[in-house]
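What follows is a short report on a single structure.
Letters are used for the chains, namely A, B and C, taken in the order the chains are written, and counting of residues starts over at 1 for each.
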Amino acid sequence: MKIAVCVKEVPDAAVTKRIDPSTKRLDRSGESVLNHFDSQAVEEALKVKEAGGESEVVLVSMGPAGALDSLRKALAMGADRAVLVSDDAAAGSDLVVTSRALAAALEREGADLVLFGQQSSDSDGAVLWAAVADRLRRPVISQVAELTVSDGKVRGKRQTEFGYDVIEAPLPAIIAVSDAINEPRYPSLKGIMSAKKKPQESLSGSDLGLDADVLGEQGSGTSVLALDDPPPRGDARKIEDDGSAAGQIADFLAEKKLL
Amino acid sequence: MARPRPAEYPPQFDASEFVDEPTDPPDERIEVGILIVGAGPAGLACAIRLGQLIEESPRLAKRLGEVPVAVLEKGKQPGSHSLSGAVVNPRSLRRLFRGEKRAADMPFYGEVEAEGVYFLRHNSSMRIPTPPTMKNHGNYVASLSQLTRWLAEQAEEAGATILPETVAEKLLVKDGRVVGVRTGDKGRGRFGERLPNFEPGSDIVARVTILCEGTQGHLTGVAIDTFGLEGESPQVWALGVKEVWKVAKPLRRVVHTLGWPLRPQAKYHEFGGSFIYPMGDDMLTIGMVVGLDYRDADLSVHDLLQQLKTNPFVRKMLDGGERIGWGAKTIPEGGFVALPSRLHAPGLLMCGDGAGLVNVPALKGIHYAVESGHLAAEAAVDALRPGRTPWTPGALGIYDDAVRESFIWSDLKEVRNMRQAFGRGFYLGGAFAGAMTASKGKLPPGDRPTEPDALAPAVRTDRRRGYPAPDGKLTFDKLSSVYLSGNRTRDDAPNHLRVRTDVPEEIAVMWEQMCPAHVYEARDGHVEITPSNCVQCGAITAKGGRLTPPEGGSGPEYTVT
Amino acid sequence: MTIAVFLEHHDGELQKGSLGVLGKAASLGEEVVGVVLGSGVKELAAGAGRFGAKKVYVADAPELEAPLPQPRVDALAQLVREQGIDTVLFAASVLASDTAGGLAARLDAGLNWDLVDLASQDGSLVGTRPALEDSVYADVGWTSDVKLALFRPGAFDPAETGGEAEVEEFAPSFEDFSTQAAMIEQAHEESEGPSIEDADVIVAGGRGLGGPENFTLVEELAKALGGAVAATRAVVDAGWYPYSTQVGQTGKTVAPKLYVACGISGAIQHKVGMQGSGTVVAINKDPNAPIFEFCDLGVVGDLHEIVPKLTELVRQRKS
């Protein structure tokens, strides 16, 4: 079985981030790491692989050429191969473009199971897998907190606002795992050392049949117009309790229609 | 009771806990040619030099095997735990790259254009003549974290395998010689229990193990203990806490200050000062460095830094600016007399700050680290010539010989009594320092011993009244500083700090104030510990506790320090 | 322009979030229609008129019975094409996000998400989106023909304006792949109260509580307000409350409408986990606690006295 995991390199959350005022995009010149939620998807793929049968775990990503460094951590965890879609024209790509590029790369791979992590820490979309599934014309199950694969079918326990659903779909299928699904393994030293030797390929837009004009900002359907400071919190009030504080709080809540 | 001293409350610690024979089955051990512990300037310089030597000698390449050079780094990546001022003397780096890289190729922030030393009072500043040991002509300002990152790239290009998030926890010793290290476990819980993603450490075996761990090097301390390599005098440390600021007006010179907010009287033993270095046109770094033999339990180097910024001379430099970085680290200050008696043992070499190679009056250690790493590489290769092994008695002694013949030795010998002189207070110390410099180390004669920091008695004072309340713009509290250091250590990691929690109030307060990361809190007669705040500066080890290796990848993620 | 609002429903009720977005859309002065998709939902659809929809499109089909996204993508895509709709708005939820994502690919339509506001400027729509842990607000727009938007949960409150909507049925056809995912077991309403990530109200306790037994004060207030209980790292470390309730840098990030912080100092490690909250009320006996720098109402006092009294008042006012 071929399992593809869509992963992304993101700016390290521990390092204070800024938006570049000239491009209005996230300043990515600092440290980059593998998106933590994606490492959960990698972990799940490895678990499925280890559950039995011959399987291959392929990482599929889209990003600048240097992103291969972050993919190495996932290779160190145990993934077999990495494919990076990298094209200068792709900078500033939105969901429409990214989903198109990833779908093209995934189509090329012909995976039986495609996994996504819950969200990316730099843009919090939670929409990418649905877009990719539509382009691949395959069933998708999201927010999966428990996954079982057997007899050509996949069953996921989906976490929603109302509790857990159990949903089943035939393979090939797309699954987005929730952050409750697992705790990713630490790569072993042997894994880290062998990661560099695993096959890593880089694909350009034209390798996937995508012209420059359907990539990047040109191909996108959204744009950032301006950046502002957040609205002020309004007048903050500070009071000292003279016995009536509870009443004042209740009044305040009522005033704000929170009661 | 007489004033309590931290050394009276030693934690449970024995170096033998961290020494073992290899236990992994032979096919599970990781074999490398030469193992370097620490991807700092010493370790990476060593790796770079090894890469050059391996390229020149196919025989050597063959002998070292599939992974000729491996560098272990406990931080998330090289540079994550690197912190210094820094003004770097480029001579060792030029020599390392054999002229193929000039200062312009290295990530420096410019050559030192001008400098000044100032004596401060709380509301004023007075320029004083620059002591000869502090002259920085021809030197460059750098962020050690960035320099380290760049050196790591060079090392990888030279063929080294860098293994980040990997802690060297135990020294592997067999038949009296060092054969490698055992790395730390990952995925243990608060009480040491195995979590679902538990990953055990591994034995890494190598022909030569080179310790470049930096200040308070864990295995360096273990090796010194195990092989009886204690120097003539105990090591002592200073704690440096620094910030990096984006500023509106460029600072065009390297500034050092002495005096306020430290107290000059001998009884307080407050040796130190501040540095303010320009980093290009729009950034600067400001730090406070204080020797850890101070007596005042209420002394907090972090808060002294905040206090320093309120002096009008300093404040002006920061007007209109924004704090973008913070960090803390100890600096070994014993100098020449505190060096280990030997820098080698069978199969083992020690470099850099871990070995104490720091010139205190000149505030320089990076170029010694680079030079010692360079010399260690050559010694290791020499000991691997046909017919030799690194554990033949005296084989690695060539490293000690090389260091003694180098400028490292002559520099450190010249300034050997400087720090101890300041134990007599600022003014008397200044007089001694002057004599020392003028006589190039011949006066005063002999070697003055150092006294361990943990023997300093702790005395409560009202010093905290002077600490400014954090305003979030100019002055900051410790927790938001820890946040800015990029520290996101998981809360349920095992406690890596060994410290007695039932101690007198003076000691509890001393640790609480000392720690720049607010790890220790003095509460109701005991000490409460929040180990996940730890930025691994090493101050606790100097002052009576013991920092042991935490989980690989934890701690700060410095980028501009 | 014609704006369609996806009206999500559950257990026979239209969801508050969707109705809030409907009200916001109606306030823009453009043509607004609601869309209700499901099985046996015609009556539900008419009710949307009270909340700002003049017209509601309904698709009633067995394929739409289970709350699964892909058949909804088919239905919405068809509606957009047939009715010339140029804008579709969603209140974010698991179902809505999956549906909006699929629709974006189907129509090659730009999708802006995590929006907290929407405005009509010179005939164009502009969305407002917080970024970088809510430290920056971005104005975002669309360059595609069809515009899609997902709004943050709770961004708008529904406003009952009264009225009945004209209901028009349509019959979608479904792609083969859209019906491959099957609901085996459907979720029931959570009985233990909302999880902290979904809660509109959170009452959080910190070290100022004094001891684990005092978490009952926090629990009582949370129950009275219909909210969830959260804890700071310090008290979770001390074993007073479970890690699943920890809010902060190394815990969960929450953005409820109301966050009541009891005995919490407000260190930045905690702040980054809750700074997106709508209204923050803090009770702490230390007047210099950092939390007073970023709350809307700060109360300096003894929480052991104030919280029980407040709980009682809340109960009274609610009944």
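Following the convention adopted for this analysis, contacts are C-beta pairs under 8 Å (C-beta built on N, C-alpha and C of every residue); 3 or more make two chains touch, one makes a residue touch a chain.
Computed from a predicted structure; not experimentally measured.
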Nearest-to-centre chain - CA centroid comparison: A
Centroid-based (C-alpha) most distant chain relative to chain A: B
Intercentroid distance (Cα basis), chain C paired with chain B, Å: 49
Centre distance in Å when chain A and chain B are each reduced to the mean of their C-alpha atoms: 38
Rounded Å distance, chain A centre to chain C centre (Cα mean): 21
Shared interface positions of chain B, touching two or more other chains: 488
In chain C, residues with contacts to at least two other chains: none
Touching residues (chain side chain B, partner chain A) in the complex: 30, 67, 76-77, 161, 163, 166, 183, 186-187, 195-197, 199, 202, 204, 324, 484, 486-488, 557, 559
Residue ranges of chain C in contact with chain B within the complex: 233-234, 236-237, 243, 246, 249-250, 267-269, 272, 288, 290, 293
Residue numbers on chain C that touch chain A, as the complex places them: 10, 67-70, 73, 92-95, 97-106, 108-114, 126, 130-132, 134-144, 147, 150, 157, 175, 177-178, 180-190, 198, 201, 225, 257-258, 279, 281, 283, 287, 292, 294-302, 305-307, 309-310, 312-314, 317-318
Chain B residues touching chain C - in the complex, by the definition given at the top: 469, 472, 477, 479-480, 482-483, 488-492, 530, 532
Residues of chain A touching chain C in the complex: 17-19, 24, 94-96, 99-100, 103, 124-135, 137-143, 155, 158-170, 173, 220-231, 233-234, 236-241, 245-250, 252-254, 256-259
